[in-house]
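Data block below; observations after.
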Amino acid sequence: MNSLTPELMLQLTMLVPVLAIAGILLTGRSENVREAVSVIASLIVLALVIGLYNTFKAGIAVEVNWFEIMPGLSLSFRLEAMGMIFALVAGVLWLVTIFYAIGYMRSHHEENQTRFYACFALAIGSVFGVAFASNLFTLFIFYEVLTLSTYPLVTHAGTAEAKKGGRTYLGILLGTSIAFFLFAILGTYFVAGTLEFTQGGVFPAGTSVAVGGALLVLFVFGVGKAAIMPFHRWLPAAMVAPTPVSALLHAVAVVKAGVFTLLKVGTFIFGLDFLNELPTTDALLYLAGASVIIASLIAMRQDNLKKRLAYSTVSQLSYITAGMLLATDAGITGGAMHIAMHAFGKITLFFCAGAILVTLHKTDVSQLRGIGWQMPVTMAAFLIGTLSIIGLPPTGGSWSKWFLLSGALDADQMFIMGVLMLSSLLNIAYLLPIPILAFFPPADGVARPAIKEAPLPSLLALSFTALMCLVLFVFPQPLYELAASITQ
Amino acid sequence: MEFLGLFNYWVVIVLMMIGFYIVICSNNLIKKLIGLTIFQTSVFIMYISMGKITGGTAPVLADGITLYSNPLTHVLILTAIVVGIATTALGLAIVVRIHESYGTVEEDDIHAKDKQA
Amino acid sequence: MIVHLSVLQVIIPLIAAPICLLLRKSELAWAFATLVAFMTLAVSVALLSQVMQSGPVSYELGGWEAPWGIEYRVDMLNAPLLVLISAISALALLASRTSIENEIPENRHTFFYIAWLLCMAGLLGITATGDAFNVFVFLEISSLATYTLIALGKDRRALWASFQYLVAGTIGATFILIGIGLMYVMTGTLNMADLAQRLPDVENTKTVFTAFAFLIVGVCMKLALFPLHLWLPNAYTFAPSIVTTFLAATATKVAVYVMIRFIFDVFGFEFSFTHFPLQEVLLTLGIAGIFVASVVAIYQDNLKRMLAYSSVAQVGYIMLGISFASQTGIMATLLHMLNHGLMKGALFLALAAVVYRMGIAQLSQMHGIASRMPLTMAAFLIGGLSLIGVPLTVGFISKWYLVSAALENGWWPVAAAILLGSLLSVVYIWRVIEVAYFKPVSESTPDVKEAPAALLIPMWILVLANLYFGIETSLTVGVSQMAAADLFGGLR
Amino acid sequence: MSIVATYLSWALLVIGGLLCISGSVGLLRFPDFFTRMHAASVTDTLATGMILAGLMLQAPTWIVLAKLIMILVFVLLTGPTAGHALAKAALHSGLKPLLPGKSGVLEADTKPSGGV
Amino acid sequence: MESFVHVVIILMLVTTAIAIVRVKDLFAVTMLAGIYGLLSASFFVLMDAHDVAFTEAAVGAGISTLLVLTTLSMTGRFEKASVKPQADYRPVLALVLVTVTGALLIYGTQDMPGFGTADAPVQTHVVPRYLNDSATEIGIPNVVASILASYRGYDTFGEVVVIFTAGIGVLAMVMSNATKMPVVQTALMSDHVVLRIVSKMLIPLIMLFALYVQFHGEYGPGGGFQAGVIFASAFILYAMLFGLTAARNVVNHTLVQLLSALGVLLYGSVGVVAMINGGNFLDYNFLSDDPVAGQMLGILLVELGVGITVASVMIIIFFTFTARSQKEGEAD
């Protein structure tokens, strides 16, 4: 195993999905082989990520430099705590989602499955690129690849509605990234002369706070994947995608790439101290807070389950954005932990929604009364996911919310504290009734139907993620250590 | 010749502009090309006037003559005239083909036919 | 032979053209023309390396020293452009034989190759020369050849487009002639270097001001700066596809080069930007061109026309770079000239392949075409991404420098405008991608095969160049940087 | 000799010039194509001839004289030929000369012209 | 006296130009354009530019008039009267544009050296060398010829190529697809006895004159271009009189094409030979041991090249146009 250096492992996390694409395309004729390729690739990637985690824990610095396009502009990668969290989450969840997808796609008789798996692999590959990028430029490239590779997934159904959703998706994500994000990157490069993620920020002392403030605004709006209002519209629009896509990409990979980028920018481009000085930080913080509340309120009014979950995601993402904007150590730690916690919680919920769809063909919340008796495992998992999103023990979500709260306290941001409290209440209001209703007895006179669960691979997948929510409550230590080491 | 000083140039400019006007304003393609010729010829006149010396003679070296008009402008304009006729010939060739395929050499008729298509 | 490189560059194709006529057979003419184009490419590469090693090359034609004779002068500014012209020409010629099969009647093929060689020689001549009047002569060679090439298009509208271009081009050339004449009357010389020395003495005169105005307007006509671009969309749309490839990639670039040469070298930076409101004019027209042309491009169904409008928009970017009046700005302009040549070459070659198979590049007939012509559409995709300015393609590099130059001047809104312009290009490129890749093959999609290798190979060479120079930028950026430094260094 | 030659030369030049003017006036004033053509050919031959003759008398060297004579010969050859060709072409394309009609007023000949 | 003539000529030019704007009969417009060419040729004589005048007379009044007339015979004689009222904006627009351009030019003339001044930069820089040294460097009296063919010989090479390009363009566009030319030709002029005899007399003389102009260019006005045009006009005259087919029998179409290429090649190869002999491209000094003899030889050869190309391209253009018009006449 000597030849498998950490550097190689890091590159392989990106290359294996790309190789898998070739495998998927070549074996597209036969379903079983094609899916086997996907599973094997995801297993390899997971192994690689865990290997990298061990390396990282051992304190070995891993850096890879592909090529330098211009002085100060290079494609290079580095292993670092925040990226490690993101990569771990993505690696674990890819495997799980592949299993889930196999069950879902087969029982749903979707077409163009080869394209689906190929794009899926590409998307995951670029997620690792985002996670390990050592500078803003590299991150930007993979960020864009992620956008482009997920477009075919969003429009997978090929219907007019899917096209419309896809166009909104692409329009907002590409539009914000080119108009604001790229502009902000160029501005940063121009002001600081580098795009390298550096502890404590890259801006030289004495940089005008006006310029810095303007750049921060551009970044926050430009990273459209973080879905801060008013650029959140793409997320509900993308819900036309098949559920595994919504689950992995729009609850985990894509949106998390967004907030991850923001956390990186806040911590390593601006630096917490500089962030504190900027005049626009507070305003953006209020905006993030408002996003949290407004998105929750909208979520309450959605009857479509996936739409409701989507708005819930919008709301939760703004937690992380707010965590970055708090500009305190605890805020960053909480934000980073929330990436993982929310990922497991939300993906459970999406898995459940998809399971309900393929088994009972129900999409609306109002139809769900009593289904808990038909799908007990699924709805139990849903309950756990709900608790994690709300932030109640015994689920992992309670930890990240705790750190966010303490971050707000550190920063004396009573407003954000209030927002967090209020939003937890709102979460309870719009999520908890679903599992509770599900276990209500069916309406009078209707016979209790027999148990009819989702296909086995899907069921396993959602049980696993639900379990993870619980495990993360009991063993948050490794995650916490990683998150806490970000700012050191 | 004093009064000719700049008056000459001004008249030449008027000539140029008449040619330019024909180019822009004509609807007929052949007339456009003729306008182009007028425009170019007037520019040639401007060049040649620039090279003239009062009292000079043609730049063919001969004994006893010391004042020659500028031969360089003559050379340039010789070249330019040739370029001009080449352009005109090519333009006319296109006009012939346009007439064959559109059946007209009027600009607005061509536009109308293109709109139909 | 090494001392003759700069003149060989031009006279090889120039003398080859009549030889092609003697060959008569179109296959022979094609083989010979292609061979010549590759020879020219070799010469231009050698020339570039010579210039990079030992500085500008000057060549006295006829053995008469400037300013009495005509001088060829190749430096860092024009040497890369020479390479671009001959490279694109060679690659396009490689594909031309297949491409014109369906587009030009058999008995005109020989003339097509001759006109091509003449056009190429003309463009090379304009670029290499150091004499103002010689620019005019070679401009006319290339223009006349271009009118011919355009008029050879299959559609009858090609004739009309060619005529429009002929009128516009001749007006432009005559304006340039007036400009040269007025410069000559004030200085008595036609050599560019000599002009540069003598113009400062008379730079406060109204005559020189007018000369400059006429030159710029004339050149802008040729380079299709908005709003003088009206001839371009028709010409590019109806010309034979391979001609469009060549022209789009090279012709406007040469006009831009002439403009830069006159602005920075002949008249000098001082004059151009202080005595003349050049900055304001170019900035306004450049931005207006980017937006108007990009928006128009979005609504086109014919892809060649769409890319033609996109070319107008790209000229806007190039002009913006000049208007910054800074070393970074001019460098971005030079870089974008080269890069835009690469991307438009690839894109139009892809369209040439589409036209070859389908007869026309109409978006409404291209539903799901990517499944029928995967390699062609992949090339179009990459070219399109480059046009948008996606990282790892050449488009990104030049946009990057352009925005940097804007920021250097502190012109934030302009930088934002450049990015918004890219956004518009996303829209029109994405329309194509969506139709070609995500629409199912429909009834109206003709049953076609992948393009033949003769088209695919040059196309992919250009596509790979788009990627290569998007990643390994030291050559292009280095050359542009040196050229920009020369332009500014020579003035201070 | 020289004085005589000079006066003669000037006389010829002046007469030639006057003929030119009269020819132009005729060109404008005459009623139909053929009469106008007549006026034009007078300018072509007689007036030009006069002017050339006048110039010959002032010729400084024999070579100039020879050139002038050659010009004269060519003019005398081409002028009438061109006039002839024009008239033929006009007749050929159906243009009829005006002739005095019975009432003495000029009118187009009604008879088809015989032959070509 | 001279300035009186000057004023008269430019006023006549203006009158002609205005007439061209107003007249709708394209035939008349063409003739007026020919007159314009002839008047400008006279103007050039007045400006001491004999070579230019010669060329302008041959081109402006000769060849281009002829070509336009041939085209008119195909496209019709009258310009369409503008009927659409909405087309009315164009003259106004044009007038504005033209006024602005003209105003700018007039503004620009204000600092120009006055007409005819001897100490203008045009007369004091660069040109004196040609006037003073060309006698020893080139050895021929016509300075225009020595600049044209030697000092700026490369421009002239470009000029030949331009003409060649035009020939190629016309061939590529207008050449009939049929290889055989139509034999039938109506309304031949060959039954005009007078015309035929006079022309037969003249054609050899015209050719002779062309040769004189070609080879006398070093000593007086003339040179390859003018000679080429004159030479071509002899063939054009022949074709007009005896029909295209007869003319084609005299000069084969393929042969003319080859000749047009050969002219360019001759010019180019003179340059290449100079290069092989160790000089720069077109450096005639290296054509012979004695530089002046080399210059003479070089100029002679390149002028010949110009003459051949110009003559053959003019013939090609005229022949293709005529062939096309006859084909069109048949189609009607």
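Here the chain labels run A, B, C, D and E in written order, and each chain numbers its own residues starting at 1.
Going forward, a residue touches a chain if its C-beta (ideal position, glycine included) is under 8 Å from a C-beta of that chain, and two chains touch if they have at least 3 such contacts.
Owing to the predicted nature of the structure, the values given are computational and were not obtained by experimental measurement.
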Reaching chain E from chain B through chains that touch each other, fewest steps: 1
Sorted by label, the chains bordering both chain D and chain E are none
Most remote chain relative to chain B, going by C-alpha centroids? A
Chain pair whose interface holds the most contacting C-beta pairs: B-E
Which chain's C-alpha centroid is most distant from that of chain C? D
Return the distance between the CA-based centres of chain A and chain D, expressed in whole Å. 99
Suppose each chain is reduced to the average of its Cα coordinates; what separation in Å results between chain B and chain D? 31
Starting from the mean Cα coordinates of chain A and chain B, work out the distance between those two points in Å. 70
Within chain C, the set of residues that touch 2 or more other chains is 133, 137, 140, 144, 147-148, 151, 178, 184-185, 190
Touching pairs among all chains present in the structure: A-C, B-C, B-E, C-E, D-E
Mind pulling up the chain D residues that touch chain E in the complex? 74, 77-78, 81, 84-85, 88, 92, 116
Chain E-touching residues of chain C, taken from the complex the two chains share: 4, 7, 11, 14-15, 17-19, 21-22, 59-64, 67-70, 105, 107-108, 111-112, 114-115, 118, 121, 125, 133-134, 137-138, 140-141, 144-145, 147-148, 151-152, 178, 182, 184-190, 194, 198, 202, 205-211, 213-214
Touching chain C in the complex, chain E uses residues 104-105, 107-113, 120-127, 129-130, 150-155, 157-159, 161-162, 164-166, 168-169, 171-173, 175, 177, 257-258, 260-262, 264-265, 268-269, 271-272, 274-275, 279-286
Chain B contacts chain C in the complex at 16, 20, 23, 29, 32, 36, 39-40, 43, 46-47, 50, 72-73, 76, 79-80, 83, 86-87, 90-91, 94-95, 97-98, 101-102, 110, 114, 117
Provide the residue numbers of chain E that touch chain D in the complex, in ascending order. 187, 189, 191-192, 194-195, 198-199, 201-202, 205
